[in-house]
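Two complexes follow with subunit A in common, the first pairing it with subunit B and the second with subunit C.
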Partner chain A sequence: MWSWCAEPDALSSVTWLSCYLTTGVHFQFYNAFFKVLFLLAIIAPVSLAFGFMGAMAARSALLPLRWFGRSYIAIVRGVPDIAFFLFFVIALDQAFEWMRHKAMCPDWSEPIRQGADFIVCQQAKLPLGTAPEWIHQFYAFGLAVVTFAIVFGAFAANVLFGAMNAVPRAQLETAEAYGMSPRQTFWRIQVPQMWVFALPGLSNLWQILIKATPLLFLLGIEDVVYWARELGGTKTSRFTEYPHGDWRMWYFLALLIFYLLMTWGSEKFLNRLTLRLSKGQATTGGEAQRKEAPV
Partner chain B sequence: MKTLILSTAALAVTATFALADGHAQTVRMGTEGAYPPYNFINDAGEIDGFERQVGDELCKRAELTCEWVKNEWDSIIPNLVGGNYDTIIAGMSITDERDEVIDFTQNYFPPAASAYVALAEGVDLTGGIVAAQTATIQAGYVADGGATLVEFATPEETIAAVRNGEADAVFADKDFLAPIVADSAGALTFVGEDVQLGGGVGMGLRESDGELKAKFDAAITSMKEDGSLNALIIEWFGPDAATY
Partner chain C sequence: MSCWETVQNYAFRSLGFGERLLPRSDFTLCEHFTLIGSGMIWNVYFGVLALAIGFVMATGLALAKASANPWLQKPANGFIFLFRGSPLFIQFFFAYFFFLSLKSTYPFFGPFTAAWLGALIVLFLNTAAYSAQIFYGALQSIPKGDVEAADAYGLSGWLRFKRILWPTMLRLAWPAYTNEAIFLFHATTLVFFTGFPAWQQRGDALYYASYFADKTFNPFVPYPILAMYFILLTLCIIGLFGAINRRLNKHLPQTAQKRLSIRPNFIR
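Coming up: the complex of A and B.
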């Protein structure tokens, strides 16, 4: 990248490092950080939405819907993440391909399953074999978002379900006494008041989600942990301009700092959010704020 | 939100409909990218190595468009069978066990020696602890012998295990170990006898992909005949390497 990098062997340590850290492969490493952040930024709201719908379904007055919501929460929370990730993504991918195969290649006579092979016609492949690599990456990314959202949505649903039930009954009764319909009571009284109860649980989930991103590599997305392992590994002088020994420790140290910073930052943000949400609430936090406030 | 996700999925499905027709087949080549000189990631972040050059040349001769894909060694066969890519070209030795699940082309690299590397001479190779990469012929060989096998997911970790004393020796392809031993400034050394394993390195394909296999077989034959394969072997593995 820099002009002085033509002869890395002859460089002193600082300039050598400046060249080493700006190789193409290192930029893929730096990109992976943005990939992880971007993924978190998408997954968090989508999971929250899944969780909200799951909680609403679990509290529904309709019996089938209630069953659906409760079994979603129970099943997904019960299955180990790693099994869910491996199985679900492959199953989802094959389900899409199977549907496309049925729709697009009706004349196909051979069976789709031949022993261990899963064969669909070329046009039904998803993404197409001819598609450029970024589409494959994008597709894998999409699958990752859906899978993460379903898994974390179930946990969020459980948290929100509990939070909705924690809203004091007196508040809801007052709303009913003012003549609000059940729907109005839910949206105007229960939902605004439940967040402060849900926040501790949700902040736990968020911290777990941050740490769960290395699961991405199971889905074929090259995340920061993959690159740290690959770049930190021993490099011999035959195959690189920048040979070095086993440096995985340093790369993982960098990851440690990254993840600690993420945790620290989100902790600060969540604390402020708790203060903001406690304002005017009939909770101990809200009560304390009321007493401190200047009259 | 559910409808949003469903409609995004539906959009993705329909968007690719339009692109589906009339394209020549693109062959996706799956490799590990962590096993020099066979395959590795170079400084620019691209897949490089002996197999990259052989693969590109084979695709040119077979008139195929090829695209390279990275995959963990652990799941390299399941992902081929599941259709994520169409070939495995990752220093994979042809063995009977693998041949039951996938098909191989003829070998493009002759049967090669595997070797032991340890910190010093005099390590007990028959009763000690030997490191090898999971699901390799070397791991199978150690497991069948008297030594205790410790398996690791990546080749890098097998070397690290010897350096930090977790294992007495590492057992791997000699061509992979040679540059590491050469660069270790005397810390690592070859021990014991070399062992001949496997039926050479071939390209793995799905059993149902007979047509593609025939194309690659023909291309490998033509590279063997005009000597270009030998030239690449010598370029990457040194003048002492076994050739055709």
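Coming up: the complex of A and C.
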């Protein structure tokens, strides 16, 4: 990248490092950090939506829907999350292909599962065999997003379910006394008031979500962990102009620091948000603020 | 091969006993159950040992964090922040490569690159940090009256800690600590996906489950079996910790004893 990088063998340590850290593959490594941030930015709202629907299902008046919501929450939380990641990434892929297969090739007679193979007709393949490379990557990333959203949606559903129930009963009774329908009470009173109760749980969840992003590696995405392993491994001068020993430890130390900064920064931000949201609320936090405020 | 023979061949496969070759084709349900169950030995091993050693260290850390001496408080804070603020997944990777590079200079560190010791150390330090935070919170919420009563009885120092502070801390922390224990057992499934090699294919339950899923390309059999084992394990933990909880609160009248929440929060 720099002008002095033409002859890597002749460089001294600091300039050598500046050249080494700006090679093309390193930029792919730095890109992977943005991939993580991008993933976080997508998953957070999607799993919040999943969680909201899960919580609404869990407190629905319809019995089957209620069972569905409650078992969704209970099952996902009872099993190690990594098992879910490994499961859903294959299961979702097969489910999509199976549905497309049923719709597109109705007169296909052979069984789909033949021993160790999962065979669907050509048109039902996802992504299509002829699709360009970026579609394959996009599809893999999309599967990862859905998997994360299913798992974290269950956690969020649990938090929101608790928060909805934590809204003081008197508030809802007042709404009923004003003649609001159950739907109006839910949307106009319960939902706006539940956020302050949901915030501690949701901020906890956000920290867990940050710490779960390296699991992307297991879903076959070329993320930070993938590149740290690739770049850190021993390189001899036969394959690169920048030979070095086993540096994987240092690459993972860098990842460790990256994640520490992420969680530390979000903690600061969430603390301020909590202060902001509890302003004027009838909670301990709000009461403490009221007492401190100058009269 | 009958199911009983499969059990004989593979029940302790994860420890290296029995048949050396894993099944390669025509997988039966019996093989699924036996091998994944065999892998659970490792999950239990990691979980129980890390929890036991971590408990001792967590108590010390919590006391250090609560102490007024900055020489104790600062390191404890740093340690807890380091392990709670970074992903366990990355900690495993880092520790493995760290031990690997130590091993190349000092052969003494050879065993540390194996999962049974290296991963155990990471899990133990990790759970110590999380539990210390829980215990610290509990220490902060010990009722003032309890401590004043201890002072009034002339208890001080070690005796006051042993008889008053520590039992009360445990009582307050126990529901959250139960969650931590469950979560730790779940976290043990990460070990063999993070660099630590499964030597001679001796892996944990998830290792074998993903082995089956890779071979059969059918995730709908091995993972539900794994889930079943883990739900059973979770129920055992809840039962055991509930019994301890009852013992901790034995002095309270029956009505005042709060039962341990059966629907724990798996978030930490």
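Here is the rule we use: the second predicted complex is superposed on the first by the 281 of 295 C-alpha atoms of A that agree within 3 Å, B and C clash if a C-alpha of one lies under 4 Å from a C-alpha of the other, contacts with A are read in each partner's own complex, and residues count from 1 in each chain.
Note that in this section a residue touches a chain if its C-beta (ideal position, glycine included) is under 8 Å from a C-beta of that chain, and two chains touch if they have at least 3 such contacts.
The model shown is predicted, which means the values in this text are computed figures rather than measured ones.
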| item | value |
| --- | --- |
| Touching partner for A:Ser278 - first (subunit B), second (subunit C), both, neither | neither |
| Subunit B versus subunit C as contact partner of A:Thr147, first or second or both or neither | neither |
| Which of subunit B and subunit C A:Ser203 touches, first, second, both or neither | neither |
| Partner chain in contact with A:Asp246 - subunit B first, subunit C second, else both or neither | both |
| Contacts of A:Gln193 with subunit B and subunit C, given as first, second, both or neither | neither |
| Subunit B versus subunit C as contact partner of A:Ser47, first or second or both or neither | neither |
| Partner chain in contact with A:Thr185 - subunit B first, subunit C second, else both or neither | neither |
| First (subunit B), second (subunit C), both or neither touched by A:Asp117 | both |
| Which superposed partner A:Ile90 touches (first subunit B, second subunit C, both, neither) | both |
| Subunit B and subunit C contact sites that coincide on subunit A, given as residue numbers | 90, 94, 115-118, 217, 229, 246, 248 |
| For the subunit A and subunit B complex, residues of the former touching the latter | 23-25, 27-28, 46, 49-50, 53, 90, 94, 96-97, 99-100, 104, 114-120, 122-123, 125-133, 136, 139, 142, 146, 149, 217, 220, 222, 229-230, 233-234, 236-243, 246, 248 |
| Residue ranges of subunit C in contact with subunit A within the complex | 25, 81-82, 84-91, 93-94, 97-98, 100-101, 104, 186-187, 189-190, 193, 206, 209-210, 213, 215-220, 223, 226-227, 230-231, 234, 263, 265-268 |
| Touching residues on subunit B, where the partner in the complex is subunit A | 1-2, 5, 8-9, 12-13, 16-17, 19-21, 23-28, 33-34, 36-37, 40-46, 48-49, 65, 67, 69-72, 81-84, 86, 101, 154, 156, 159-160, 163, 179-180, 182-183, 206-208 |
| Subunit A residues touching subunit C - in the complex, by the definition given at the top | 74-75, 77-83, 86-87, 90-91, 94, 113, 115-118, 155, 158-159, 201, 204-205, 208, 210-215, 217-218, 225, 228-229, 232, 246, 248-249, 252-253, 255-256, 259-260, 263-264 |
